[in-house]
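Scrolling down, you'll hit the structures one after another.
Each of the next two complexes has chain A plus one other chain: chain B in the first, chain C in the second.
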Partner chain A sequence: MDPEVLNAYFPLYIQAFWLTVKIGWLGIALSLVIGAIAAFTLHFRIPLFAKITAVYVELFRNTPLLVQLFFIYFALPKIGVSLSAESCGVLGLGLLGGSYMAEAFRSGLDSIPASQTQSALALGMKRSQMFRYVIFPEALTISVPAVVANMIFLLKETSVFSAISLMDLMFTAKDLIGLYYNTTEALFMLVIFYVVMLLPVSVLGSLAEKKVRYRSFGV
Partner chain B sequence: MGFDVLLKGNNLLRLLQGLEVALKISLLSVVISLAGGVLLGVVVSLKNNVVNGVYRVYLEIVRIMPQLVLLFIVYFGTTKAMGINLSAEAASVIVFSFWGIAEMADLVRGALAGIPVIQYEASYALGLNRIQAYRFVIVPQILRRMVPLSINLITRMIKTTSLVMMIGIVEVLKVGQQIIEANRKTSPNGAFGVFAVVFLLYFLACWPISMLSKYLEKKWEN
Partner chain C sequence: MEEILTVKKISKKYEDVDVFSDLSLSVKKGEKVVIVGPSGCGKSTFLRCLNGLETIDEGEILIDGEKLRQDTKEIYHIREKLGMVFQSYDLFPHLSILQNIVLAPVRVQKRDKKEAEAEAMELLERVGLSSKKDNYPRQLSGGQKQRVAIVRALLMHPEILLLDEITAALDPEMVREVLEVVLLLAREGRTMLIVTHEMQFAKAVADRMIFLDEGRIVEEGSPEEFFTHPRTDRLKKFLKSFAYE
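== the complex of A and B ==
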């Protein structure tokens, strides 16, 4: 490996890294919002909306992100919905992640026994207090491992953004391999930057799982 | 809406052939992953320190490296470093198996670790020998936990094979692009029809399998 080549590539990768991180975390934020709303709709079986949400979840859980991105980026403009590549990335990741997060949150909500809600109401709590102090803390505790796993999954999925010509890490690597044929250096940098992006999430995620496990007594 | 382009010539057939390419790669990888994963999972459960150390590193690599990065490393990297000529299909089967074996092994390890010692003790107390205990008590319980999750792995494998177009395999997305390009003049809206159909094809390939997995999981819950 040639250190000079690595040096020359570094700024390009840094730029791509920030773009990937930005789109990745914006997508995750969107997926958390969509997932929370979807899980709520499904858990409380809100008429009509629950049906629509169920269709959405099945559709996006059973198709690859690459196909979803192609649909959003290349097909939607034909019916008059044009988005920039970056918004497509965030939207695609958010929709894909939303369907996964929905399942994660819902399994948390579903796992709370009826006795918990009954006890909360019997203690004289209002419904809002019951959610705030009983349901949400318990449900979130149970959802954490799945949510962390989904976050890592979504950050990994950012690697397909190059297909809709976003200048992300993969795009940079492929570009440099094609231009200068320094395959080893280009791939080495690619791996390093993905490790920098994902290892902290993986480690912090494991810590968070251990931390919340104390609170899930009796499970 | 651009659906007409699919009815021209043999376009729809070509699209399905593209899907077949993707499904073949995923099927082959699934078979390798299941066999290799079960083997590795059992070996890891024997709790040899060296083996488990290597296994943890392997698992962490698979956990944080995107499959596309692994594809690039195998397809562009190893071929250049070692001077071998690897077809894109072979590279993708290698990568997906590398990933699948890790996932499968972890499922097997988890299922084995989840069987309480009391199940073994009770079997022996009932006079079953080791083989009988595994045959009638342990393995059925493990299968009940593992089968739904392994079926789920198949759908994830199928979804992940969409990545192979990025290393130049002509599968359903690539065929879709070709059809759109070829008919750009006559059906300018072809992109909508084609990609909507590709979306649907993937859904139809994965949905029944994940429904089956969900059904089995519910059925065998206890």
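== the complex of A and C ==
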């Protein structure tokens, strides 16, 4: 490996890194919002909306992100909706992630026994208070491991963004290899940057898991 | 003494099956009423109707002179007057013992947190659990959890305590520690409506016994009459099922 090459590539990777992080986390933020709303409609079986949500979840969980991105990037403009590549990336990741987060949140909500609801209501809580102080915190505790796993999964999925010409890490690596044939250095940097991006999430995620799980389950 | 709870001819159906019909009952302030009966006789459902966790189809329920109405916001206010403890304790697993106890007083009754915590600690002390205040529910035994659940209900300053088979899920040696707390509260003159299968305890705590079967009050009376001279065959048979000779 040539240190000079690594040095020369570094700024390009840094740039790509921040773009990937930005789109990745905006996508995750969107997926959390979509997931929460979807889980709510599923859990409470809100008429019609629950059906629509179920179709959405199945559709996005059972198609590859690449296909979803192509659809958003290439097909939507045909019906007059043109988005920048970055917005497409965020939207694609948000929709894919939303379908996974929906299931994570829903399983948390579904696992709260009805007796918890009764006990909260018997204490005079209004429904809004019951959700805020009892049901949601408990459901979230149960959802955390799945949510963290989904976050890592989504950050890794950003590697297909190069297909809609976003200059993310993967794009940069492929581009540099195509231009200069320094395959070893380019791929080495690629691995390093992905690890730098994901390792903190993984570590913080397991810490968060431990903390909430310990409180409720002791393991 | 004044009546604090009046139940007038209430009926409830699940689909087409009567859970109970034409049930009437009145409870005076400070009175301890124990309801016994076979499983599925509607006693738990009856308790849950009193604080509106279940709806009734006919009749009316007055609590402290106030009519219980499911469809209004008043229901939340009325529930504060009725402390309820369940068979499965139902502490909130994500909150510590102290947080479990003060949650409703602080959030629902908007009481000062410091003051609520101080009172919670006093009550925890009395049930012998003040050292557990920072523990989480999973770290406590069933009997300890149930004592916490009682304290949690008490801190709302309810007029009436509804105890729904609170020892049914406990190991035999833990039953006593919970029932002793209830006896303590009984001696303080609290109004209580108790559903239980512990006949010895019922005898010790009750001012009045009620035998519920198939949604009807079959027999009612003082514990002495009730246990030693049951009038109906149905009650005789029921009481016999608890005896081993």
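In the analysis below, the second predicted complex is superposed on the first by the 216 of 219 C-alpha atoms of A that agree within 3 Å, B and C clash if a C-alpha of one lies under 4 Å from a C-alpha of the other, contacts with A are read in each partner's own complex, and residues count from 1 in each chain.
The definition used in the following text is that a contact is a pair of C-beta atoms (placed from the backbone, for glycine too) under 8 Å apart; a residue touches a chain by one contact, two chains touch by 3 or more.
What you see is a predicted model, and the numbers here were worked out from it, not measured in a lab.
Undergrad: Using the superposition on chain A described above, determine whether A:131 touches chain B (first), chain C (second), both, or neither.
TA: Neither chain B nor chain C is touched by A:131.
Undergrad: Applying the document's definition of touch, where does A:74 land relative to chain B and chain C: first, second, both, or neither?
TA: first
Undergrad: If we overlay the two complexes on their shared chain A, which of chain B and chain C does A:118 touch? Say first, second, both or neither.
TA: It touches chain C, and chain B stays clear.
Undergrad: In the superposed model, which partner reaches more residues of chain A, chain B or chain C?
TA: Chain A has more residues touched by B than by the other partner.
Undergrad: Tell me the contact category for A:56 with respect to chain B and chain C: first, second, both or neither.
TA: neither
Undergrad: Determine, under the contact definition given at the top, whether A:160 touches first (chain B), second (chain C), both, or neither.
TA: In the superposition, A:160 contacts chain B only.
Undergrad: Touch test for A:194: chain B only (first), chain C only (second), both, or neither?
TA: In the superposed model, A:194 contacts chain B only, not chain C.
Undergrad: Once bound in the complex, which stretches of chain A touch chain C?
TA: Per the touch definition, chain A meets chain C at residues 113, 115-116, 118-126, 129, 133-134, 137-138, 141, 212, 215-218.
Undergrad: Touching chain B in the complex: which residues of chain A?
TA: Going by the criterion above, the answer is residues 58-59, 61-64, 66-68, 70-71, 74-79, 152, 156-160, 162-163, 170, 173-174, 177, 183-184, 187, 190-191, 194-195, 198-199, 202.
Undergrad: If you look only at chain B, which of its residues touch chain A in the complex?
TA: 1-2, 60, 63-69, 72-73, 76-77, 80-81, 155, 159-160, 162-163, 165-166, 173, 176, 180, 188-189, 191-192, 194-196, 198-199, 202-203, 206-207, 210
Undergrad: Would you pull the chain C residues touching chain A in the complex into a rising list?
TA: 48, 51, 53, 76-77, 79-80, 82-84, 86, 88, 90-94, 103-104, 107-109, 136, 138-139, 152-153, 156
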